[in-house]
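Each structure below is given as structure tokens.
First subunit A sits with subunit B, and in the next complex the same chain sits with subunit C.
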Partner chain A sequence: MVARVQTWWTILKICLEERLVYRGDFALGTLMRFLPIVTQIFLWTAVFASAAGNTIEGYTSETIIAYYLLTMLGRAFSSMPGLASGIAKQVREGEIKKFLIQPIDLLGYLLLARIAHKLVYYTVAAGPFALVFYLCGDYFPPFPGMQVFTAFIISLLLGFALGFFLEASMGLVAFWFLEVTSLLFVYMLFNFFCSGHMFPLDFLPEPYFTLVNFLPLKYLAYYPAAIYLGKVPPEELWQGLLIETGWVVFFIILSRYLMNAGYNRYSGFGG
Partner chain B sequence: MHPSYLGVFLTFARNSLIRDMTFRTNFLIEVVSSMSWMIMNLGFYTLVYQFTPDIEGWGKYEFFVFIATTMFVNSLVQAFFMPNAQELSELVRTGGLDFALLKPIDTQFLVSLRRVNWSSLGNFFVALVLLVYALPRIENFQLFWWQILLYPFYVLMGVLILYSIMITLAATSIWLGRNQSLYDFWFYITNFSRYPMEIYRGSYGEPLRNAFTFVIPILVVINVPAKILAKPFNSQGGGMAADWRFLALFTLFATAASLIFSRWIFKKALGSYRSASS
Partner chain C sequence: MVQVPTRSCYPITLLGRSLDGAAPEVCRTTLYFPLIMNAIEIRGLEKSYRVYQKQEGLLASLTGLFQREYRDVNAVKGIDLDVQKGEFVAFLGPNGAGKTTTLKLLSGVISPSGGRATVLGHVPWERENSYRRKFALVMGQKNQLWWDLPAQESFKLHQQIYRIDSQKFNNTRDELVDLLDVRNLLGQPVRELSLGERMKMELTAALLHSPEVLFLDEPTIGLDVIAQHNIQKFLKHYQQVRGITILLTSHYMKDIAALCKRVVMIADGEIMYDGSLEGIIDQFSGHKVLTLQFAEERMPSDLSHYGEVLEIVEPKAKLRVERGEIAGVLSSVLASHSVADVSVEDPPLEDVIADLFKQSTNKQAETKAAAAQATIGK
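On to the complex of A and B.
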């Protein structure tokens, strides 16, 4: 057991150091990622200026900006750049063999690498994020209270787990199809639209809203922001998080199953 | 003796088409996926226009014309220049640029037009359909002969401006050895051009609009042709700088200036190219 923890710790440490090599590029990249927010602010200000009322589906011209900023935070937890395509590439190029030989679990290793990646990301991105959130402080409603804030943090962490296992499952499909780029693209499009990254899901007319509400994608961006902005009634708060946990468990099991089934199918040639 | 530039370009285009047609399914998937991206975008704005009659004077169908213009310009840039600019930074890194320099043809021409990404032209046709759908639905719409002449012309000017910015960015990879965040940068810069310029107002908006009109002229790329077609007469707000007649004149100047500037940067960058030993 101790040896095992030590192995994991070493892997985590190596991944951390590897990540820190490009910290300058990282920080600049993060700051640039806020640029689209600038156009969003102008666009929504223009929309609200000519809209019939002061609010659209419960959003004011301020909270909508807060919404976009919060989804960026949510995405900082739930988005997994390169995870699925990385797994697919390893399968295609046969690099996956090393996980069959070495006493390391593929998903466990990837999870640690991802945690290291995210930890570095948060330390480097904290500056740019703090700056932008400070500058945009006026767009935010007053602090929602400890209970909601706790739920918000939990939803961010669950979002990370959900994002990881969902995308890992997508990548593992490569055992069957080898080339999954187009599948991933479709997923990305779908995700952008249905996770609430593009606009608050409340804007969707029925029956689409109910439909999207049943999908796990909303937990990746919409849900944390909705919690913070008080869009989720307090009595539904913990129930919602419970459903999210259910989805996380589902995708943990699915990714495990896909990995093992994939290993059984896999045949590696050459070296 | 000079090579026939048109002939060389047609050969490039044909070779690319042959190459694209070798992997037909992949080609189809690429077409469909870039189309679905635009359709989602349309869905988003349809949603937005449920809550508001107009955005800074742009009604729903006028805005659809704006989106169609975005698609025309972007599909042309992506088809003809994007894959090449992308490859330039790779050519620099691997030293493959040596071969381009040896060819008895203008280097900028060669590296800019070597590949044509035919699948990107799928969106060109979607844009045509969208235009045909949206134009007659604009209130009090009238089409004049000069609009039909000026619109394609200014779409072309827009493509040339974007090309200049792109090749300038790509040329910096000669100095930097490799330019990874080139495309992020490209995306974030052009992101500003995808909205009507009237939305940039207020104490932050005005300077931003001026900078992206007169310093880096990306706002005129889509705004000018879209205005010519969708709202040739009503130019309320924004004063002189939003009047398309003034902007259209300025765009001619901006296009020429960007092309000359990018040519100059490209030559300068080539001058300091040190081949990677291969």
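On to the complex of A and C.
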């Protein structure tokens, strides 16, 4: 166990170092992600100006901006840029062999690399995030209390795990198709609408709202924001997190299954 | 001292009485003797896979969207091979002969279509961690190191992956980087190293966990003569000192001549030859090269009676003569001409092997063409 923890720690350290090699590009990329905030604020202000009442589906022009900022935070945990396409590239170019030859677990390794990626990202983005949240402080409702806040933090962490294993499963499909760009495009499109990234899911008419509620995608952006803004009734809070955990377990099992089946296919196919 | 039994030892139990003979109890001592065992055992190993067969043109591409035609490629056709511990064996063969496929099978990257193989008692394609800690595969065209980081970071990662004790890791790393003369490059990002330097780092990384079996797939490909020579020297030394088992594929005859006593020639998925490098000439070359230096002023014009004329540079002539006829030809030349000097030599090894490869490549092309014809005919 000690040896295993040491391995994880070394992988984490090396991945951190690697991330820092292209620090200029990374910092610029991170900062650029904050630009859309301005356009979003203008957009929603315009939408509410033309709306009949002060609220749309329970959201005021203030809470919608708070919602948007919170989904941004949620996506900072759950989005996995380059994960699936990276796996596909490794399969296509044969680098995946390394994981067949060396005593190292592909998913465990990728998870650690991703944690390192995120840690560097949070370090770079912490300042801008703090600034934006400070400037937009007036849009937020009062602090929701420790219980809701804890649930919010847990939902962010679960969102990370869900995003990772979901997208890893997507990438592992490359063992069968080699190229997964189109699949990823379709997934991103669904993700954009069904995770609540584009607009709060409450805006969806029935039966779409119920349908989207059954999907795991809402946990990637909508759910943490909804928890923080008090849209999730307290009695449903833990049940919701339990279902999210269920989805995480499902995708852990699915990705592991796909990895092993993929290895077998790869080795049978010719390497 | 009690010796711990291992796979490579076999027990012998000695029974006897105590020296004074009075005590009735029997002394029992079990000794373990090292057993020379095979590191690699291959029996009837086969690997075939399907490749997509596309006809030329756009129409064929469109048809291929709905109906695909595949062709079976038999990359390895039931080979048998035993390699003893501590042997340095070369796989020789033309491109597409099945050399790399065999190495991939033995390292567990791919699983076979038939037959069996064990390496150090493990079935490679079961990919047990205990096996994966005992071997290494170095592919000349593939990179295992982290591209953007200095090699020493990749080495640290290997230390953890292979669970190498710190002291041992430091010793092995120091020994390897000194032997390969790359100590001063440890801190330089891998992407900034030359091809030869990178290969040295790859070898270091592969050997950090002191593997018992090493598979090398064209380790000197693309390297200049000096770099090739350095790698050869290192491999030879390391193998002799450590006594590890190495299987090497290479297109460079010099690699093989410098390193391996045993050569396994693979062509078209089958073993054509297994023995010494020199033995290839005895087995496959049916002719010798006869060089005659004539003492006469005029060269004889009827040399083609004796054999195929390879070269004439007056007063010398080189003839290709069948092995069985050499004595007869020689005596008849000496009887009818005045000869100043004679030499009978084996043809150059490269030529013999090139001929063999050409034959097998032609055969392979014929088989492929026949298979393609059969597919079109369907």
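Simple rule for what comes next: the second predicted complex is superposed on the first by the 260 of 271 C-alpha atoms of A that agree within 3 Å, B and C clash if a C-alpha of one lies under 4 Å from a C-alpha of the other, contacts with A are read in each partner's own complex, and residues count from 1 in each chain.
One rule holds in what follows: a contact is a pair of C-beta atoms (placed from the backbone, for glycine too) under 8 Å apart; a residue touches a chain by one contact, two chains touch by 3 or more.
Remember, predicted model here, so these are calculated numbers, not experimental data.
Asker: Quick check for you: in the superposed arrangement, does A:261 touch first (subunit B), second (subunit C), both or neither?
Answerer: After superposition on chain A, A:261 lies in contact with neither partner.
Asker: Touch check for A:189: first (subunit B), second (subunit C), both, or neither?
Answerer: first
Asker: Answer with first, second, both or neither: which of subunit B and subunit C does A:3 touch in the superposed model?
Answerer: Only subunit C is touched by A:3; subunit B is not.
Asker: Check whether A:97 is in contact with subunit B, with subunit C, with both or with neither, and answer first, second, both or neither.
Answerer: After superposing on A, A:97 lies in contact with subunit C but is clear of subunit B.
Asker: Does subunit B (first) or subunit C (second) touch A:46, or do both, or does neither?
Answerer: first
Asker: Examine A:11 and indicate which partner it touches, taking first as subunit B and second as subunit C; both and neither are also allowed.
Answerer: The second partner, subunit C, only.
Asker: Which partner chains sit in contact with A:199 here, subunit B, subunit C, both or neither? Use first/second/both/neither.
Answerer: The answer is first: A:199 touches subunit B but not subunit C.
Asker: Considering the complex alone, what residue numbers of subunit A touch subunit C?
Answerer: 3, 6-7, 10-11, 14, 17-18, 21-22, 94-95, 97-98, 100-104, 263-264, 266-271
Asker: What residues of subunit A sit close enough to touch subunit B in their complex?
Answerer: 25, 28-29, 32, 35-36, 38-39, 42-43, 45-52, 56-57, 182, 185-186, 189, 192-193, 198-199, 203-205
Asker: In the complex, go through subunit C and note every residue touching subunit A.
Answerer: Within the complex, subunit C touches subunit A at residues 47, 49, 75, 101, 104, 107-111, 125, 127, 129, 132-133, 136-137, 142, 144, 146, 148-149, 153-154, 156-157, 159-163, 189.
Asker: Within their complex, state which residues of subunit B touch subunit A.
Answerer: The contact residues of subunit B facing subunit A are 26, 29, 33, 36-37, 40, 43-44, 47-48, 50-56, 180-181, 184-185, 188, 191-192, 194-195, 198-202, 205, 208.
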